[in-house]
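Each of the two complexes below includes chain A, the first together with chain B, the second together with chain C.
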Partner chain A sequence: MQGVMLVMKSLKLNPIVLILINIIAPSMYIFINGKYLQAFLFVFASMLLILMKRFKSLVALFIIYFSMMGIYYMTVNSEKLQFIGLFLIVLVQSVPCLALASILVRKYNSAQLLSALETIHIPRVLVIAVTITLKYIPTFKREFSYILESMRLRGISFSLKHPIKSFQYFIVPQLFRCAALAEEVTAAGFVKGIDVPVKRTSYYEERIRVSDAAVLLVFVTGLAGGFLWKRMHL
Partner chain B sequence: MKKLKIKDVIMIALLSALYMVFYMLSMVIIAPLGPFGHSISCGICALLTGSIFFFISRKIGKFGQFMLMQAICMVLFSIMGAGYLPWLVTSMVGALIADFIASKDNNQHVFKVALASGIFHVGQAWGAIIPSWFFLDSYREEWISRGQTPEAMDEMIKYTSGAMGVVSTVIVFALSVAGVYLGYAILRKHLEKKDIAMA
Partner chain C sequence: MEKNALVANNLTFTYEESSEGISDINFSINEGEVVLLTGNSGCGKSTLLKCLNGLIPTVTEGDLSGELSITGTSYSELRMHQINKIMGSVFQNPRSQFFTENTTAELVFPMENYGYKKVDMQKRLDELKETFGIHQLMNRNIYTLSSGERQMIALASAVTMNQKILLFDEPSANLDYGNAMLLGQIIKEMKNNGYTIIVADHRFFYLNGMIDRVLFLDNGKLKQYDSEDEFKSCNYDTRSFDIFSLDIPCRKIINHEKVIASLKNVSFKDILKDINLEFHKGEVTVLVGSNGAGKTTLAKLLCKTYKPTQGVVDTNELPFFIMQDPDYQLFGTSVINELTLVKNDLDSIKSCLRNLGLLPYRHKHPFDLSGGQKQRLQIAMATLCEKPLIIFDEPTSGLDVYSMHSVVGEILKLKEKSGVLVISHDYEFIRHVADRVVFLDEGTIKEDFILTKDSVSNLNKIFMHMQEERCNEKVED
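Entry: the complex of A and B
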């Protein structure tokens, strides 16, 4: 079985499929039983991660999901600690969607995301902005380590005794770094004709393939199962 | 009224990424406060991100800057599976009003920026407060079906409905205003004199 998994080619999906699934899935809680939908999304996300060979994300999904559920069951009956469990049980429903969103951030480059987002006819300004934000969020860990390193070289350290001063050491360089980065990204964008008011073509022309249709079909079938399940239990 | 250029859009996108990081951090900070913390989480976020708000108003200062920032956040929350229609509507209306208040140019009085931040974040907070005031039953049912327990939902509604909804609104607004003044105190010596002449 392990051999088959290694030989099998990684599933390629149009990023728009993942975006659509994540937008549609949470709104289905109105129509489908919450427990069914949560279980379905967990299994569905796990299967996609396996097929796309995102094994590290799969392990992270299992650890985070079951840790949160474990803490919920341990604290829900305690009057003093109940708030932790009740807070986590709301967050846990987003974990499968977050796992799918992590694929978007890590697997696809900006050009692929731009190309895919442009197919759903949302304003171009928003497409560019969302793509940049999506790609920039994971870099903050590195940015923060740069700030810590320069603080260490200057002999400055974070201190809870001076929270505002410490906050200032972090936020000021980060804000001005964003401003400088905006200049660089804009220059790179101009070179690639980001401001040209015509429909852009891309090296990564993301079309809907059979695999995309199959994944969407499984997703819709799962949701339809949820409708039936709810009707049967009414 | 000046229009947003590509460079402005990119800067807002990068600063929105920073804003999102603080938003997630504020969610962790408010966890020990339980349902009450949840109802004022936007205020905690606003307190931490007042400097981002002030920086945007000084470095960009064009109409649509806050709407774009809010739209980016809402799209990202939807992609992460946390989209909720009433939240989207109240947040975007709040951002539109914020733009009318403090996006005329990049030299707006710090009080106007603070007021804009207050409205912007009250818009976010009203995503839970407005349904509690006007659509209580459907709001409660939807979140119970999303996995929330009826007891926890009742506890949450306690802090977002009726007079407590007003109290939460006032707290969010006050924290947002304080956040911008904190940002102003932190950034004033780092920004050029002309940027803070009006402040």
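Entry: the complex of A and C
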């Protein structure tokens, strides 16, 4: 049985599962003990990354998570540097969620995301807005490298010595491109019939499978455990 | 039996925020015609296109009046998705062309929106693969395709819903000569199969002999020519339907001045092999070759973006690289500020702006300038930077013939102080600007010659060769 597990294909998940988890998980920090939730999400995200065979993302998650935690423990006792650690300990809470969101952006294309969102019956306008936002991320990544390259050629380097200046050179063109891009993406959608008032079908047919339900079950059980933990420690 | 595909009656549109627009447009296009829509930059071409595909008034706001109808039905009775089921659009910019990043997802995307069943989608997808010969391109990232391949996907995605009317927005802007001629061939086939085709473009050599009607826009007003011959005999510079018959005098040959940059035995991965080149001050070198021949890679080696896997790239200073899309290159808060980043000398900035006609715009934000003005701002930067080598990437793509001539003038001025390397597909522009031509093919330099009266035939041969290469490939499919 374990041998079967090893040769098993990478787990396929309906993107909607990842979207739901990403919506629910961060808001749970209000209800559940932060330390418990953070640890649970970290383990949960790592397991998912392993099952989906996203090993590069897994390594990135480990490095970022543990270096942030490391810096926190190193600086927490020094009064001067404490602020860095305190800043990081807030940020680190979102790292597992970001790891899961990265799968969403990298593994699924806009058409798949659209279809997945359609299955949970949210209004079309919202679906389009979310899809376009998600689509912007890979575009931004491409543009990021163009702009850095262009800054280098202009001799305006992105240096940490002048963070504000560098940031200004970088962010202003991005904002302008954002507006132009939004128009272009809207045009691309509209001439392809994004406004058709019938129910959208899907070529990729993202059904809810047993594996999807299982992953959600583990997630919900983990959260429930959090509530229990809280009660026991009151 | 001729039926009307598109009819416009007193069509008028003005934008909310500017006085630009189109007015009193009247035309009727029959089914099965190939129509060229042209005019100088800013003449209202894209406005008319947006009216035709319904983006005006659905997305762009403004004041629209008059009547427009498609296959007998008025636009006012149609929703955007109904119009786009009859008419497909091919945009110039991949970002507005493609909604997804994956070729297969892109082709099924419209069918999903229109609620096709999965079996029907698969059937149509197979038909499209067959018609356009794109079996190898399925399930790939669109941004890793070559521009010719991308054009095929764009075409296929525009007819997924069996649209019989097609709009092309500047299709030749990003295509090399071979691919543009191939596109011409495809348009001809589509015309024979009964498609109605409207092409908006500044260059139209690839449509030679197949145009039924020309819509010529001038400052928002329309002039119509009912045949290609009528258009050819009008007094607009029809920019050479037959580019090889152009009569352009060659410049005087200058003596080689000092070498400002060189490549010695340079190879880069499997893209470039054993390249030897020297660039001289006062010389305009034009790099030609098909898309994917390694032209941009060569420029990037000179800019030290890439390190050669073998050989030596020798430049004393980083060259100034003028990108095709100026938006990536503008960082300043105003035109003047942009130039002070290059050289902090207000007097030379002002005289430079005056020369380029940009002085009235000196306090504007660079992003508020028009496309042509942005390009002139880039040239202003190049003039001020005093770098020994200046590289241009496709400076005339999307420019009308008059703007092209002013770019020629500006490059000729630049070469008084520096060496210039230009990457270009634009034959007419090359004839006006080149002192020397370097032909890159499959990663090696196939030819390198000074452009004189006698060597013009060499250049023509290169272009013929690029066309044959592409168009024969298509036949073999």
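By definition in this document, the second predicted complex is superposed on the first by the 182 of 234 C-alpha atoms of A that agree within 3 Å, B and C clash if a C-alpha of one lies under 4 Å from a C-alpha of the other, contacts with A are read in each partner's own complex, and residues count from 1 in each chain.
As a working rule, a residue touches a chain if its C-beta (ideal position, glycine included) is under 8 Å from a C-beta of that chain, and two chains touch if they have at least 3 such contacts.
Computed from a predicted structure; not experimentally measured.
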Contacts of A:38 with chain B and chain C, given as first, second, both or neither: first
Which of chain B and chain C A:142 touches, first, second, both or neither: second
Touching partner for A:167 - first (chain B), second (chain C), both, neither: first
Contacts of A:210 with chain B and chain C, given as first, second, both or neither: neither
Touched partner set for A:27, first chain B, second chain C, both or neither: first
Partner chain in contact with A:192 - chain B first, chain C second, else both or neither: second
Which superposed partner A:133 touches (first chain B, second chain C, both, neither): first
Touched partner set for A:176, first chain B, second chain C, both or neither: both
Touching partner for A:232 - first (chain B), second (chain C), both, neither: neither
Residues on chain A lying within both footprints (that of chain B and that of chain C): 172, 176, 181, 183, 185-186, 189-190, 194-195
Partner chain B, residues of chain A touching it in the complex: 19, 22-23, 25-27, 29-30, 32-35, 38, 76, 83-84, 86-87, 89-90, 92-94, 96-98, 100-101, 104, 125-126, 128-134, 136-137, 140, 164, 167-168, 171-172, 174-176, 178-179, 181-183, 185-186, 189-190, 194-195
Chain A-facing residues of chain B, complex: 4, 6-7, 9-18, 20-21, 31-35, 38, 48, 51-52, 55, 59, 68, 71-72, 75-76, 78-85, 142-149, 152, 155, 182, 185-187, 190
Chain C residues touching chain A - in the complex, by the definition given at the top: 53-55, 58-59, 79-81, 84-85, 88-89, 91, 93, 95-102, 104-106, 108-118, 121, 143, 157, 161, 303, 305, 318, 320-321, 323, 327-331, 333, 341-342, 367, 381
Chain C contact footprint on chain A (complex, rising order): 109-112, 114-115, 135, 138-139, 142-143, 146-147, 149-151, 153-156, 169, 172-173, 176-177, 180-181, 183-205
